[in-house]
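The following blocks contain the structures, represented as structure tokens.
Shared between the two complexes below is subunit A, which has subunit B as its partner in the first and subunit C in the second.
Presenting the complex of A and B:
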């Protein structure tokens, strides 16, 4: 029964992520990359242990991260409540080892650390519950 | 300057404690001994006693104010209570019945009990039994899921708050028949020894350094994730606040008043947290002025260089360049600060002086009297 619930829950989360993905695409078409990133980070990470959901959400966040062109202006619009979760996704990006992804994540990481401090890194490393 | 004096005692200090009149200091120089220093007339610290009984690193020391006794705990799983007889300090062994290291110790406010936190997931409450001439250890077992890193006594002498590496913070009753009287317990009169009053489940990683406010209405503790937690209304319906800050995690905290907390830790510089009129806590500023760091070759990594620049910019308005040139990071401490103690004298309503010690082997005495912007929180 519990397994069935979990699967059911996962389906619902996947649907939500798909919906989020469409919204992000339309925001990117309107040249609103920061809004797209905010949308991607909202409700992240999905509250489940299902790996499929985690990767689906990562694909969406990755799309939004890669669309950021001007890192400086990103932080004039991004509210501090997103900093901790963004840091967690940056580390997920760095763990992929993919060259363009790592370049982009490092660029944002530098600016984010300047703004949110080492405490933000510590929080993202120490948080073992909200795994992205 | 907020730092009144800086004393280099050893390579590294694990813990320190002051004598009742603050003329002597007991500290462990990261080995199995406790050294007692006295301030001589020409303002120099001289070593007058070495307490040698433990086999391993002394992890905690506390000096009681009215009974003038020192308690020490060590990784060797034992504890000693030291009494001064004429000129010598005489130890009494306290068998804690632990199978892991003892990590911290504190005398209760009435000094008839002391609490020891340990790596054996237990807390020992020790008290003196007159008829046997013996310190007895009573254990609170099966409550913690990991090591107990810090213990703090409520002013009522009954409640004990603990933090643990399982990330949780707990409050226990330590009522012991024959030692405590019922009327001293107040609202928690019904609770038996070892009963858990509450558990706070905010942190997902190691928790350290818990302290009560002077009134006992609030307590604060820190997490290893650069967060500090404030808990009000201890009891069935507590209210808690979490404050995230931008720098390295803290190891210990101290309430200066109901509205001001000093936190010390890996950032080597005490942080000031204050509560506004509505009781909301926030980070105010660093206590020590950072010197403007010149981009010299002393800093190997580019990262710390940019970090130094950032600080020198943000502190530009307040920094006065009177600190000694030898200070490496422009602060009184050069390594992680792991303990902070109040230097409250008997009769003081509020203590503006406190001391910190850390892995750099220094003891620094601070005074908030000169800090004009903090006076409204005292």
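Presenting the complex of A and C:
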């Protein structure tokens, strides 16, 4: 049971990520960047060591992060359970070195730290198992 | 421009405050030895995830943490050849005198301009927030220093050239 789930796990996850990506595109067209980000963060990081799944998920989250214009309103809508995952993705964004991504991630990082505190940062540093 | 600099330094400060939780941890492999785990990387359970914070393509900061030590590596913005040479010489000058700084590493990590190594002993002797202030202040001052150096080199070059070429008028 476990083996056959592992085998098509990667494919299933990538299909799920593609579905998510379509949903996010439609949400962004309706000018709902916060819902788009929430959808992108849901169900991630997937319990897989496969690099392709992680990259696919990152691309989707990146799209949602770049679409956010108003950072303050983001935190009034986003539930606290998503803060840790968002922090992990922010660090991934900061490591890319691409100027607009880094600008946006730095902006959100400052507000997220004010909101969630240093514990959020430490959890993203200490979690070596669920790497995003 | 100044705004992203402020955000970048705030992000680094927050990350350092979270990552600088160091305690004494004697070496697991060799008895009676005490080594900075971030440098040796002998056991994965003692290391935290390394974090790379980029401001743009040219400037970045790598924060590597472990149970008893923390390594911060900086890559400074270098716009042209002259700044490249000035940065290299200036930071090499500082690294050579690492003893005086205590938290400075003698050689920067591969791919970076300068590195700091903070161990639990430093945190015991010195105050944590002052250490972080020092590092962030260092980052702010480096840019100013390099611009000043570049300005003085250009001014001196111009003066020397004017004087020298006067004899040909």
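Note that the second predicted complex is superposed on the first by the 125 of 132 C-alpha atoms of A that agree within 3 Å, B and C clash if a C-alpha of one lies under 4 Å from a C-alpha of the other, contacts with A are read in each partner's own complex, and residues count from 1 in each chain.
FYI, a residue touches a chain if its C-beta (ideal position, glycine included) is under 8 Å from a C-beta of that chain, and two chains touch if they have at least 3 such contacts.
Predicted model only: the values in this text are computed from it and were never measured.
Of the two partner chains, subunit C is the only one touched by A:99; subunit B is not.
In the superposed model, A:91 makes contact with subunit C only, not with subunit B.
Once the two complexes are laid over each other on the shared chain, residue contacts for A:30 go to neither subunit B nor subunit C. The larger set of touched subunit A residues comes from C, when the choice is between subunit B and subunit C.
After overlaying the two complexes on the shared chain, residue contacts for A:109 are found with subunit C alone; subunit B is out of touch. Once the two complexes are laid over each other on the shared chain, residue contacts for A:131 go to subunit C alone; subunit B is not touched.
After overlaying the two complexes on the shared chain, residue contacts for A:122 are found with subunit B and with subunit C alike. With the contact threshold set out at the top, residues 118-119, 122, 126-128 of subunit A are in contact with subunit B in one structure and with subunit C in the other. In the complex of the two chains, the subunit A residues touching subunit B come out as 84, 114, 116-120, 122-123, 126-129. Subunit A makes touch with subunit C in their complex at residues 91, 94-99, 102-103, 106-107, 109-110, 113, 118-119, 121-122, 124-128, 131.
The residues of subunit C lying in touch with subunit A in their complex are 4, 7-8, 10-11, 14-15, 17-19, 21, 44, 47-49, 51-57, 60, 65. Across the complex, subunit A is touched by residues 204-205, 223-227, 244-249, 306, 310 of subunit B.
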